[in-house]
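What follows is a group of structures, each given as structure tokens.
Both complexes below contain chain A, partnered by chain B and then by chain C.
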Partner chain A sequence: MKLYDFELHAECYAARLMLSLLGVPHEVETVDVYPEAAHLTPAFRAINPLGRVPVLEDGALRFGTVQGILAYLAAAYDTSGQWAPDTAVLRGEVAGWMAIAAELAATAGQARLIETMFAQGDAEAARAGAEGLLRVIDQHLWFGEVEGRDWLCSAPHPTIADIACFPHLVLSEDGGISRQDYPAIRRWIDRVKRLPGFTVMSGVFATSSAL
Partner chain B sequence: MAQDRGALMTELCNDPVMLEHWHPVVSLEELRRHGRCRTMLLDRAVEIVAQGEGAVVRCEAALVGSLVQYGYVWASFGEAPKPLFAVPEFDEADRRFVVTGVFGVQVSAGRAIENFLDMGHFPYVHAGILGEEPHTEVKDYDVEVSQNRDEILATRCRFYQPKAAVSSDAGAEVDYIYRVPHPNCAVLYKSSPMDAARLDVIYIFVQPMGQERIRAHTGMCIIDDASSDLEIRSFQQTIFGQDKPILENQYPRRLPLDPRAETPIRADKSAIAYRRWLASKGLRWGVIPAGV
Partner chain C sequence: MMDLAGWHPIAAATDVVRRHVFHGQLLGREVAVWRADDGFVNVWENRCLHRGVRLSMGLNDGRELRCLYHGWRYANRSAGCTYIPAHPADAPARRICNRTYPGVEAAGMIWSAVAPEAEFALPEVLVGTDPLVLRPVSVNAAPGVALSMAEGLVPGGSVARGASVLFGQAGLVVFVQPLDAHRCVLRGVLLRQPEDRIAALRDHDGLLCALREGIEAAGEAAPAPLEVSFQPVDEALGQMPARGVGGGELRVQVTRKWAAAEGIVGVQLRALRGVLPTFQPGAHIDVHLPNGMRRPYSIVNAPGEEGYTIGVKRDDAGRGGSICLHDAVRQGDVLAISAPRNTFPLRRDSERVLLIAGGIGITPMLAMAQALAVQGIAYALHVFARSAAHVPFAERLEGLAVTRHLGLDAAQTGAALSGILSGYAFSHHVYACGPAPMLSAARQIAAAQGWTEEAVHLEYFANPEAIDDSSAFEIALARSAMTLQVPAGRTILQVLQENGVDLPSSCEQGACGTCVCGVLEGDVAHQDVYLSASEHAANDRIMTCVSRAKSARLVLDI
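Moving on to the complex of A and B:
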């Protein structure tokens, strides 16, 4: 198994985190995404026509979106059956939060790329979109805590939806989005960090600072 | 935060110390890739356009003084900025020059330079790479302000590093020399794992976009014929990515120059010398001047 990866990329981090949580042995091929933009070259587009990282290769199989990677890893390598649960309710919930994760990428993730790596775009608009999502996620998690639910979906354990959303939320400050007003998100981040097999990335520390 | 940004943008930097310096605005590598670059310098929007081997810099329609050195375009709004500091290692033909990237950070230039000079954070922020517990002690080193070169020099710095460079295969006690030849630029010389007789050069050239917003240009000029550019870049980006949240969580974001404003944890000598040196220049922009 091989992951085409870039350390500072939020969605690559989601893929690395899932591989680490599942303990799946793999090799990593770093793609020179920034500043070289190697992911946009014809050579890399032969691997992923979308011109994006992460890409996961398993034998002859190739997955070129983070949603595909997480869903595949959970289905193929999770013997517990917990990461992508098979009940009707949880399938619906996971699909919904995976869609929210994509919206986080387009807002909080985009604000981070604009502020940190000078991507084109409107940082204020991206932040405004992200704040709307963070408000909803914080409320959802806050009411979850009241009901005894620790994760995004109603299962008593995390799912791939938590992993898909996590990088964008934990890296939000890079895009100028403070988590000061989202205490339930902060507590959920701490819960993710305590999962066995959790792994950090550059800029994410194993334990939260006292902020 | 939005309010702060608004307030800071209404006033343009009029600090003569900043206006009279050269500032990095874009690497030649990035400029060649895109042909032009729009960015901010000292609260002003500037545009850099590639021209021949060099570049033209404009602010609004007016031409801005510029030069090309060390792989970057430098710009100054000053009447007669003094020549850029010397880094002779850039001219050594057998060195690898690798631009490791430019990153936007919500912090003042002074805070970024001070972090670059600080060895105390290595075991905590760069655990397993530039430091490792229990090797947390910063051993005594020397700091001087070189009068004839008008720069800060920290010598005899030593630190135990598990992976000092991309080419390291084991932990080692590493020798460091720091130079701060410009208020917003620092150059680090450290033992080369590939050549015991020479020192690798790692630089940070900070472009102050505003008082609390920078572009940090980092790169290396090193002796290493084995590692790829990608490996060198990844190594340095990982380290910078670790520093970034630390930098952005320092308050105030501007660097306080009053010696009593903050007690650096071990009264770090190079930080004290740096702040004093900035204060002696009369710098008021991007800092909290002494006595305010």
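Moving on to the complex of A and C:
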């Protein structure tokens, strides 16, 4: 298995995190997204016509979006069946949070790309969009704690929805979005960091062990 | 008008979960709020003293908070720095201490104040209630604007205590926590526990979110910045620490005294008021005894623990300090002690640590073992004692990696030490405290098995050597610009103190290392057991309580 990867890319981190949590052996090929823009070259477009990382290659199969990669890895390599659960309720919830993760990429993630990699766009508008999402996510997680739910979906374990949202939330401060107003998100980040197999990236550190 | 000197809720008690660091703010000051495993809630300025990185990014290990940047560790309660990884062999100065804010847990919330003029008192509206704390709702609006709009938006609202709005009939109180000039948090509290808790939480959350929308939609212009009353920085922070020869600067109460083992009492000391300064594993305090004596005792506490606990072995043949502590000092007594001093610092960058305790020498070893256990560094504690009944602090030994060696004679002890000290490798360190013959044996065996001198750390109870004080010589004090004569029969330390040069001292027999002084010129006749052979050979430090000059003159760096 091979991951086309750029270390500082939030969605590549989601793919690396999933591979690490599942313990799937793989090789990594670095695509120099910034500053070389190697993901936009014809050579890379031959691999992913969308011109983006991450791309996962498993034999003859190729997945060129983070949503596709997470869904495939969970379905193909998760023996526990927890990461992409099969019930009607959880399928609906996971799909919903995967859509929110894409919105996070377009707001908090975009603010980060503008601030750190000089992407084009309006950082203030991106941050304002993120604030609305973060308020809702914090509220959802706060009521989750009250109701005995630790994760984004109602399952008693994390799902690919948590992994899809995690990079944008944990890296939000790179884009100028403080998490001070979102204490429930900060506690959920600690819980994700304590998952067996958790892996770090530049700007994302391990936390202390649980009591 | 916001209540700048008053107390405000800064977090819900449920925000400050174990092994987490909450990121808060009050009146423009950012705070890191963390609960230690003993339940204590620390409210600290959100800034590492080293490079200013936010401590809210740090790691809460249950007893200490570790800064994420360079690993400085700060203790629960005292907020003092206990370890600096870049200086693994040194004890951090105890004055390296984070700015703390007062923190009180009451009515399901954590309360704090920037510059309180009075002790915390629960707002009257909450007294005698069993409140349900709602979800905090942060608002991008000036606290004053939020407060007045909250009043206006809900009929029957009225300002109580300057910082809260009471919504009459529903039994709902909303506190407006001022974050800074243009942001605040609405902290709602229901005065009675509702029948359906979750439904009530959701209903009122909807109300507060609507309130936020109303306040933010009004889009009031940002007001002038809050006037904050600054508390001046403690003058002492900008000065060299005062050096008291007596060192009895702290008053403590004996809160517990108990028979910890055969012939050993445990003594627990608590501050009369406030928080005692930070200690590090290996540190000792000087206890001023009712009989006028001053004696050093190692602290046995685990990291971040409240107060100080010491162990004292009765020595009928001693000078009387232990007998006084055993017989005269009682629970409830007030004693004077020095602040903790650490002349036996523990490196925390070792791959493996051996701790060897003989008899009452277990006291510093216990503090070290508990710190290593918390931090997850490989260690083994070996306790030598006459019998199991002679091993104190059984409750602390529980859960530690301890091996007991009981009732061994000198030869058997030597054989046991040989076994323990076998297998030296780079980055192994051994710390030992016990009777002098045992430490001498440990030093020899370690050297024979290839341990480097830097890896062997010994703490003597007393100096077993006979001190020769027959020489007479001159000392020149380079910084104080004085030249003094040291006659036979008097020590350098005595001559310094008689001439008004303050140098802290403790054991005064060349064992503890407190009265060390730099040497600039001259040859030192070392008579202490604190420095190692190569440190003696370096001829750049002197234990002024016992060591003397070989040359006619010594130039000291004091």
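The rule is short, and it goes like this: the second predicted complex is superposed on the first by the 207 of 211 C-alpha atoms of A that agree within 3 Å, B and C clash if a C-alpha of one lies under 4 Å from a C-alpha of the other, contacts with A are read in each partner's own complex, and residues count from 1 in each chain.
To be clear about the criterion, contacts are C-beta pairs under 8 Å (C-beta built on N, C-alpha and C of every residue); 3 or more make two chains touch, one makes a residue touch a chain.
All values derive from a computational prediction rather than experimental measurement.
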item	value
Which superposed partner A:46 touches (first chain B, second chain C, both, neither)	neither
First, second, both or neither for A:179, with chain B first and chain C second	second
Touching partner for A:60 - first (chain B), second (chain C), both, neither	neither
Partner chain in contact with A:116 - chain B first, chain C second, else both or neither	first
First, second, both or neither for A:202, with chain B first and chain C second	first
First (chain B), second (chain C), both or neither touched by A:32	first
Contact residues of chain A, present in both the chain B and the chain C interface	205, 209, 211
Residue ranges of chain A touching chain C (in the complex, touch as defined)	139, 142-143, 145-147, 179-181, 183, 186-187, 190, 205, 207-211
Interface residues, chain B side, partner chain A - complex	1-2, 29-30, 33, 39, 99, 101-106, 215, 229-231, 233-234, 237-242, 244-245, 248-249
Contact set on chain C toward chain A in their complex	11, 14-15, 17-20, 22-25, 30, 37, 57, 59-62, 66, 68, 135-136, 138, 179, 185, 197-198, 201-202, 205, 209
Footprint of chain B on chain A - complex, ascending	7-8, 30, 32, 34-37, 115-118, 124, 173-174, 176, 178, 201-203, 205, 209, 211
